[in-house]
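The structures come next, written out as structure tokens.
In the two assemblies presented below, chain A is common to both, partnered first by chain B and then by chain C.
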Partner chain A sequence: MIYLNNAATSWPKPPEVYKTADKVLRGLSGGAGRGEGALDVGRVVFEARERIASFFGIRESEKLIFTCNATVGINMVLYGLLAPGDHVVLSSMEHNAVARLLYALKHRKGIEYTVVPCAPDGTLDPLEVERALTPSTKLICLVHASNVSGTIMPIEAVGEIASKHGIEFLVDAAQTAGEIPIDVEACHLTLMAITGHKALMGPPGVGALYIKNPEKITPLICGGTGSRSEELAQPDFVPDKFESGTLNTPGIAALAAGVKFIQKFIQEKEIRNVRQRVQTLTQRLIQGLLKYPEVIVYGPLDPDKRTPAVSINIQGISPGEAAAWLAEKYGIATRPGLHCAPLAHATLGTLSTGTLRLSPGYFNTEEEIDTALYAIGEMIGVLRRGQRL
Partner chain B sequence: MIYLNNAATSWPKPPEVYKTADKVLRGLSGGAGRGEGALDVGRVVFEARERIASFFGIRESEKLIFTCNATVGINMVLYGLLAPGDHVVLSSMEHNAVARLLYALKHRKGIEYTVVPCAPDGTLDPLEVERALTPSTKLICLVHASNVSGTIMPIEAVGEIASKHGIEFLVDAAQTAGEIPIDVEACHLTLMAITGHKALMGPPGVGALYIKNPEKITPLICGGTGSRSEELAQPDFVPDKFESGTLNTPGIAALAAGVKFIQKFIQEKEIRNVRQRVQTLTQRLIQGLLKYPEVIVYGPLDPDKRTPAVSINIQGISPGEAAAWLAEKYGIATRPGLHCAPLAHATLGTLSTGTLRLSPGYFNTEEEIDTALYAIGEMIGVLRRGQRL
Partner chain C sequence: MDNGSKILLTFPSTHYALKAEGVVRAHGLKGRLIPMPRDISSLCGLALELDPEEGDRGVSLLLASGVRLEKKVKIVKQEGCVIWVEVLEEYM
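Let's turn to the complex of A and B:
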């Protein structure tokens, strides 16, 4: 199989990720256990938190909250920060993780929001964000890169605007964390939701939320924290304030192993990030696709301005049919559809059709990209001849 | 190590649980992938849902929602069901997963609640529940068994009361699911929160919520579901309505493997449940503890009326000191403290001290129980002689 669906879930994972998940699950003792085979759960979580926090330039690691995915982190922020009448600014490239929740909160709670339109390639003018601010704006919500078109958003510039106006700034970094370097301080992020199972190379079922100003966020999920257990009030200190119930310790440890893998790669190659590795594949893929006049590539064509999530449409065939053909005939895994982002498709002009998304990852090779291009060429050849696939 | 902390997390897990978690994580393809090593994520989740639902007598498996733990399930119910002015009845043995959230919702949202007092051994008179009902009562919330004293609550009788009055009935089955047979129909449960990492023998980070009447519950967590992606409204059908964001597929599959292990054991031994296996250990433990006049055992002494979560206090030594001594000197893992349940400790009269909890599980042996009893005897001997531990 040639796996080109890394924007959904990265696959395969580094061997250390598998090993760590298994080791921690097997060794998990859930308490004060000592001795052979026993692991100190608190220690495992603490070390993972330290490693992942430092990877994003988060100095106070307790402000990094473990969640089960980016969606839950985003929900924790929007429920916990916004009161009736508050206003939110978001881009027209947001995922349903943000868009559906804001739509619900508008109807349920009287939250207002403005969707700032992006260009047809998904790019955002930061000044448009500033123009959309109102005296009631409490939050700017921005995806770091579109999961449909791969377009990278100007989070530094928007972060400066948010900081200047004293507004909370939430970045949905599900598509970028692990691939594009993020320093929360440099980007003026006050909130960042990440997931473990994409470019951070961890397992599904684990994510994290950075909260710079925890006193501003009311905890959504309440319950047992193993701390101040005599009190019915939720603890007011982080991370306990936002971490109720049993954590996914094997997943958290495996996510930290993914981060360690990335850190090691960066150190060994003496580069700033792992991005270069995937960027050459993205460039090769886009250049190859552009040779076919039947193919429309969405988002920026310059790999510097995008992630490897390459959405296309092919004249004469629907994304669903194309994906099925690539899977059955060549064993190539891609993803057709709307990718949970109708706002983005409206922006790109693909709401009625969806797109076929090919997303290379760390473990793909140039040969695999060439095979995918060859397969698409074959498919287009058949279509040109008016034959049935 | 002798592990007697199964009420926190069961350990070890059946080999199939480890194998399944690893296999699904390694094989996970996150999409339409076909071919060698690829797994159909949708199929894995579907099959797990079918198996776990049938284990609890849930006929429409789509009404079983996957969560990351019992706490999140309870939060989904209380946020999604209750409006200002609504009244909830709960017992005085509830965990902070319920108690802290209701306390927060009382202050934030104007939810009212009545705590029905239990006897000093934790037992509940169902008629007291009925007496506490008001015309505004929307929900009865009951832990199936206390995580402190092990006391089993009369969920069938309370279920009948709830059913008679047309009130939603939420059972927190974190401590019992997998050990005590539960049939949601027979018990008149309309809502049930479970976690995977205790008696169901799954990994931490996965749980489930049964929702009999999904139309009554507004979804808490909103976001992408991979369905009706063109719509900003959260889907109104189950399970999608309540399952936003990427699921913990390896954890879900491993939980199903735990359930399969239990089903196989029941079938092979031709018994109704796995409970018998642990019950003899619980009996042995309690009988052994009662030989020491210095030991107070909380909760019912009859193993039929309790789970294996045995809370004690030992005269002359705090639970924390006793746990540390048992761990260091004998490698016995127990758990001291309040166990996230201050209401229960107030009921048992142990709020100021907490308890030392010893909780055997499926994989413990009689020899291990005897060693623990011997160790406690040694400790008491030292204390009797007025020596330092």
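Let's turn to the complex of A and C:
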């Protein structure tokens, strides 16, 4: 199989990720802070938290909360921060992780929000965000890069705006964490939701949430934390305030192994991140696709302005049919459809059709990209001849 | 068998206990984490055990490193059992 669906879930993982999950699951017992074996488990969680926090420039690692994924982290923020009458600003490229939640909160809690329109390639003018602020704006919510078009958003500029106005700034870094360097302090992020199963190369079911001002967020989930157990009140200190219930220790350890792999790669290859490698593959893919007049590539063409999530449409065939043909005939895994982001598709003009998304990852090769391009070329040839696929 | 007096530091959470261990060891102190003795607290969790002469320095290092402390306790052990407990300081 040629796997070009890394924007959904990266695959394969570095061998260390598999080994770590297995080692922790077999070798360690108990839960952190919960009885015999707890110390070793606690150490695993602590070391993972320290490693992942430092990866994002987070000085106080206890402010990095382990979650199931980015969606859960975003829910924790929006449910825990917003009160009736509060206003939120978001972009028109947001994933349903944000868009559906705000729609629900509008009806359930009377939260107001403004969707700032982006350009047809998904780019956002930060000044439009500033213009959308109202006296009731409590939060700016911005995806770091679109999961549909790959468009990278100007989080540094928006972070400065949020900081200037004293507004909380949540970045959904699901698509970028592990690929694009993020320093929460330099970008003025007060909140950041990440997931482990994409460019951080960890398993599904583990993610994290950075909360700079934990006193502002009410915990969405309360329960056992292994601390202050004699008190019925939820602890007010982090990470315990937001980490009720036994943690996914094998997943957390495996996620830390994924981050370690990236850090090792950076060190050994003397480049800043894994991005350079994936960018080369993405550029090769886009340049190859642009040779076919039947192919529309969405989002910026400049690899510096985008992630490897490459969305296309091919004239004469639906994304679903194209994906099925690539999978059946060539064993190429892609993802067709709306990618849980109808706002983004409305911005790109693809809401009625969806797109076919090809997303290279660290473990893809140039030969695999060339095979995918050859396969798409063959598909277009069949369509040109008016034959049935 | 442990005998004599020790200083125990307690923390609001496992995270701070583990962080504390790393901080004191990085500065050459011989701190070690132990399960919270029931004579000290009904709380679940861990305590950092220090030699008495390293107690004050340990506390200073931890506070400077942003570790949240709960209590500083002096204990005396005889044949492995805690026979004396004295709370020296409460931080929360």
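By definition in this document, the second predicted complex is superposed on the first by the 380 of 389 C-alpha atoms of A that agree within 3 Å, B and C clash if a C-alpha of one lies under 4 Å from a C-alpha of the other, contacts with A are read in each partner's own complex, and residues count from 1 in each chain.
Assume a residue touches a chain if its C-beta (ideal position, glycine included) is under 8 Å from a C-beta of that chain, and two chains touch if they have at least 3 such contacts.
Everything quoted here is computed from the prediction, not taken from an experiment.
Of the two partner chains placed by the overlay, only chain B lies in contact with A:N5; chain C stays clear of it.
Once the two complexes are overlaid on the shared chain, A:R108 sits against chain B while remaining clear of chain C. After overlaying the two complexes on the shared chain, residue contacts for A:R26 are found with chain B alone; chain C is out of touch. In the superposition on chain A, A:S229 makes contact with both chain B and chain C. In the superposition on chain A, A:I262 makes contact with neither chain B nor chain C. Once chain A of one complex is fitted onto chain A of the other, the partner contacts of A:L348 are absent, as it touches neither chain B nor chain C.
Taking chain A as the reference, the larger set of touched residues comes from B, when chain B and chain C are compared. When the shared chain is aligned, chain C comes close enough to touch A:R49, but chain B does not.
Shared-chain residue A:A322: touches no atom of chain B or chain C. In the superposition on chain A, the residues of chain A touched by chain B in one structure and by chain C in the other are 32-35, 38, 225-226, 229-230. Within the complex formed with chain A, the residues of chain C that make contact are 12-19, 33, 35, 42-46, 66, 68. Across the interface of their complex, chain C is touched by residues 32-35, 38-39, 42-43, 45-46, 49, 60-62, 225-230, 235, 237, 239-240 of chain A.
Residue ranges of chain B in contact with chain A, taken from their complex: 1, 3, 5, 8-13, 18, 21-22, 25-26, 28-38, 68-72, 74-75, 95-101, 103-104, 108, 195, 197, 203-206, 218-226, 229-234, 244-251, 254, 323-324, 327-328, 331, 333-342, 345, 351.
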